[in-house]
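Alright, structures below, take your time with them.
Each of the two complexes below includes chain A, the first together with chain B, the second together with chain C.
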Partner chain A sequence: MKKFALVMLVLVMAFAVTACGSKDDAADPIKIGVQGPISGQWALEGTGFVRAVTMLAEEINADGGINGREIQIIQGDDKGDPKEATLVAQRLVNQGVVAVVGAYNSTATEPASAIYNEAGVLHVTPSSTATGLTEKGYDQFFRTCFLDDRQGLFAAEFMTGTLGAKKIALIHDNTTYAKGLADWTKIYLEELGAEVVFFDAIVPGEREFGPTLTRLKNVNPDAIYFTGYFSEGGLLLKQARDMGITSTFVAGNANNNADFIEIAGIQNAKGAIITTEPIPTDIDYPEARKFIDDYQARYGEMPPSIWTLSAADAFRVVVEAIEKTQSTDKDKLANYLHNTMKDFPGITGPITFDEKGDRLGTVHRAYIVNEKGEFVPYSN
Partner chain B sequence: MKPLWHKLTEMIGRTQKVWYVALLILVLVFPGMTTSYWTDVAFFFGLYILLGLSLNIIVGYAGLFNLGHAAFYAVGAYTTAILNTVLGIPVLYLLPISALAAAFFAYLITKPILHLRGDYLAIVTIGFAEIVRISLINNIGGLTGGPNGLLGISRPELFGMRLYTPTHFYYLVWFLVIMVILAMVRLEDSRLGRAWNYVREDELAAEAMGIDATRTKMLAFVVGSALAGVAGNIYAAKMTMIAPESFGFWESVVIFSIVILGGMGSIPGVVVGAFGMVVWPEIFRGFAEARMLIFGAAMVLMMLFRPQGLWPSPRARRAMESQKKSRPSAKAGTA
Partner chain C sequence: MEMFFGQIINGITIGSIYALVALGYTMVYGVLRMINFAHGELFTLGAYMAFTMIVSMNLAAYIPNAVVALIVMAVMVAGLVAIVGVLLERIAYKPLRQSGRLAPVISALGASIFLQNAIMLIWGANYKVFPEGVVPSITWEIGGVSITLMRVLILSTSLTLMIALYVLIQRTQVGTAIRACALDHDTARLMGIDVDKIIRLVFIIGPALGGIAGMMVGLYYRQIGFTMGWHYGIKAFTAAILGGIGNIPGAMVGGLILGVAESLGAGYISNAWKDAIAFLILILILILRPTGLLGERVAEKV
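Now for the complex of A and B:
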């Protein structure tokens, strides 16, 4: 037992020494944090955040920075885990960030937002859609994504109205986002008088959806709405068509990716519809096109998901606020974002925040896959 | 076996006393010496010591391979979250209730599976943990909030003081860690602790000596799960939001690794194991992407060169040595 005490003592001291070493503040550049799952199951998304923000920051620095000050990006990997998220948040606060873009999933954003709120750090999440996040009265918390219910409403109205579907099948993948979207869509569909004939989940990462599709085929829906991600979406569509299911295939904004069409194959994807924020190439703002072109030129691939664009917007909003207020004071920044900024030209459409920090308006649109395998705006 | 008073006098013997007092002072002043980030790391260090100690009862003492410990942790956390958000019961009152709920749950699910041994039990516990996680996602009874989890768990209050800073939680968790370690030291050599040892080493012989093996194993699960329930309560209070993804298979693996890394059945082993699993990756945070690589390599090396754990219990150490000397195959199942 004596040995135990001795070793513990050494451990604690080593711990304290490392701890002291990490204190430093020489705040010349403006420090902005990016928090997200850089490793782990959502590494693709977190890497997208970091890449988008780093690229934009370097462009700004090359042009002389914001108000003559350089931007320094500090990244924090939370693996999508709430406990790592608190640690990342504490660490970023200790490193003196003035604003943070992140985290990816709502459960990681929640504990982090409390820490940023207490520390007075501007916090913009690109992708956490849980409704409760903005209900806590944090005045420096914003999100550049829309809540699940907005897209759900759009999808429900689109399928029952424009497509005239009566019997609708909903498929999600049990992730927070996909299930949330499916739940909301179900609520609105039932309000609009449509019948939800199928409501089930597939397992992300799986390659074979035969059992689910067999049951789906039996109920013969007019339309299928898939709320999960493109890698499963493409496969699901392909296998559905292979099995002779001819229902209209509609998918949520996580399928807004060229790989969706590639995985499904053009002959299957043709006529598939996605509900999403406007596609960047479809927005008139030069910022949107430029972002996509730059991203592709630099990293050799399209942004992995809509959330990458949303992260870029979160960062651009932060920069805009710092630039316009000539300040890094969180009250001034928050006030600017809440009250002054209207229709900021975002990559995902015009951005305006309400008093809670949620994004106003619905910008969702429907796109259909044409013969050449491109997303084109849906028209009757 | 030493009498209890002997053990106690030994523990507060003069030379030890100095070290323990120094250690206690360090634990007490630690938050003052460092940043809120490292205080939070120390909080999670403490929380995982609790979880490690709780699984150590099941895996270390009783030798039951439980790879689904996150399920009991989840029951504790969700009991706290549901009773707090729906009925508004203060979080700290729910601490014993969470422990009871997790213990009761353990009683229910382990009753039919206790006769399974080794890997079979491990597989069944993995299955149970997955059922729990998926049930939480599917929002059973409309209570668990589905994949979004439960939000808005209130902060605990102690003697009229609201606990919310990293420092508050640090003291709360380390107070519990010290209490639990003291209890574990006593438990190890208690009648029950010894019974667990007998059952682990040779169930048949234990029964021949009048030990009710099923009841003894059940008690290991119940006591271990109760402690996991306590950890769940603290976690819910600290996070104010819980969701099924925090209680997945990976969480069970981390807790299991803490026990294995340190050495099964060893209290200091759990502390060292928790340090390795929780604090070690934080120290390497600066390496960004290579961080988990370094961590994984360290784990592999550890298992190659110290299969008995970093700090094996004296009993396990003796067993390893005698195994090397004379009986190469007799204990193949427990190493």
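Now for the complex of A and C:
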């Protein structure tokens, strides 16, 4: 049995060595992996990744490829599951990919990123926002999505700048996401010179916010920013208006749901604002227009979500790095993305990475509830 | 000072809902010495039935007068939830009445899970939202404190129901029979009281009150979910213990105290600490008075 295991080990290692050995031959196509939940509960998102990346690769190949070499896309379906993700990552590495776009959810991205880091494969996730992912010191890991602190920055700038609010109340619900967003918003608000006059949590599942709002009414804020979920957000807004609180009500992206308006009632929801990633059709960069048109022409439907656009950006960033460095060496690629590339014209806006691989800037937008109870882009 | 009164009003409103639900726990405990864990789900059922009457059956189209419509709806909700309550007792509790104290409690937990899932399967797992304007949104400003019409309705309905129940229990023959059953089933039977009938009656009154409370929560907050019974159930159960379980005025007092304590805690300290404060008060009262505020010290029967 021991002997058998040893033989297997040797075989596996030999295979791995040959796989690595054949990695970079100038005549071969450049292999780029796309990992995501192509089946399972998030199949829509994973399929969006594959479609976006495949379409762009075919466009590039039709124009003669990168530096004269063709791009070959290799798919990996991780079903959003961390166990599957490690298998998929191992398989992609064995097949000799130089870069990978994916995965969708942070739970799947995390184990995969360790494997890619070890194998020296450039790894760009379009959608995994867990803060810890870029805290591991992996120099070849990047993301084209924005973290919650970016939404906090946007909300802080929007409330102090566009709305001109000086006194702001922050309400979260003690979940990791909502508390994190509220904490970041507080930091940025204070940097911008606004005063956080109220900072407290409500309890998810609770329906009576009278006690909290009575206290909030006393400090009379210019704006309220609620970072929790729509089911409480709608109630909070309604009860605030019932109590005669007239402060502008702003809520985070977990309130981007029609039920938010329905629970609050159109009368109360009218004029409420949410900060959120824009829906794909509201992005007005020329690159976005072209991408969405091409996507629609090719697949006969709209990209399912903003993450499809983000996946396209992840792929375009990889291509840009390979093209500019004339190399598939991960150190050169990573160095280019970290230090050289500034304001690359992405589909979701200018792309610049910081030293950790996180994206600078923000994609978030403000939407306001109109008289008919619909979210429409905010304009002055 | 305005804030203080505001918080007191918040507390009394939510407390009167707790009290209404607590009555169901305390009455069942009084006659059967068991905790009806499925009571929270009967409360949820009241909210969902009201939702169906308003949205699917469009009750308002048949009864143009809002006041009459609300009363008719309350009676129908109370009746339907009471039927479920009686069935619950007949199916889940009665066969176990002679089998010690633990079996009915387990059965009640099972019934609670069953009802919760049944509600989810019938109405779906999403939040349901009551339409606007079933109760006109009128707000009065009294000394800097805003009071909505719905709050006034909740308060007056709960108080009326509680007073009616108190009169029923203390002043009528049926009430005397209920109190007799609470003291001793066998002796009550010797006095010619049909104990089974009284237990059924308790499972009509308790669920009916719980159902009306659920309906009012639905009308006021307008957002209902199939798990809402747990939250209100646990609070009402606490209120029942606080006041002395088995004691009807105790449940009312317990509910109001719990509501006000929560409200002041959330208002002056932090909303996140609200439950901790409410339960701290419960612990203190139970240390000082193990039978609850109004609970009588009854010698254990051997």
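We adopt the following convention: the second predicted complex is superposed on the first by the 207 of 380 C-alpha atoms of A that agree within 3 Å, B and C clash if a C-alpha of one lies under 4 Å from a C-alpha of the other, contacts with A are read in each partner's own complex, and residues count from 1 in each chain.
The criterion applied here is as follows: a residue touches a chain if its C-beta (ideal position, glycine included) is under 8 Å from a C-beta of that chain, and two chains touch if they have at least 3 such contacts.
Everything numeric in this text was worked out from a predicted model, so none of it was measured.
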item: Chain B versus chain C, judged by how many residues of chain A each one touches; value: B
item: Which superposed partner A:39 touches (first chain B, second chain C, both, neither); value: first
item: Partner chain in contact with A:93 - chain B first, chain C second, else both or neither; value: first
item: Partner chain(s) touched by A:120 [first = chain B, second = chain C, both, neither]; value: neither
item: Partner chain in contact with A:271 - chain B first, chain C second, else both or neither; value: neither
item: Partner chain in contact with A:350 - chain B first, chain C second, else both or neither; value: neither
item: Partner chain(s) touched by A:174 [first = chain B, second = chain C, both, neither]; value: both
item: Partner chain(s) touched by A:204 [first = chain B, second = chain C, both, neither]; value: neither
item: Chain B and chain C contact sites that coincide on chain A, given as residue numbers; value: 174
item: Touch list for chain A against partner chain C, complex; value: 174, 200-203, 205-212, 214-215, 217-218, 231, 234-235, 238, 242-244, 259, 262-263, 265-267
item: List of chain A residues in touch with chain B within their complex; value: 1-2, 4-9, 11-13, 15-16, 18-20, 22-23, 38-39, 75, 77, 80-83, 86-87, 90-91, 93-94, 105-107, 110-111, 114, 130, 132-133, 136, 174-176, 179-180, 183
item: Chain B to chain A touching residues, read off their complex; value: 10-11, 15-16, 19-20, 22-23, 26-27, 30, 33-42, 44, 134, 137, 146-149, 151-152, 166, 235, 238-243, 245-246, 267-268, 271-272, 275, 279, 282-283, 285, 288-289, 291-292
item: Residues on chain C engaged by chain A in the complex (per definition of touch); value: 3, 6-7, 10-11, 13-14, 126-127, 129, 132, 137, 139, 141, 146, 148, 217, 221-223, 225, 227-228, 231, 262-268, 270-272, 274-275
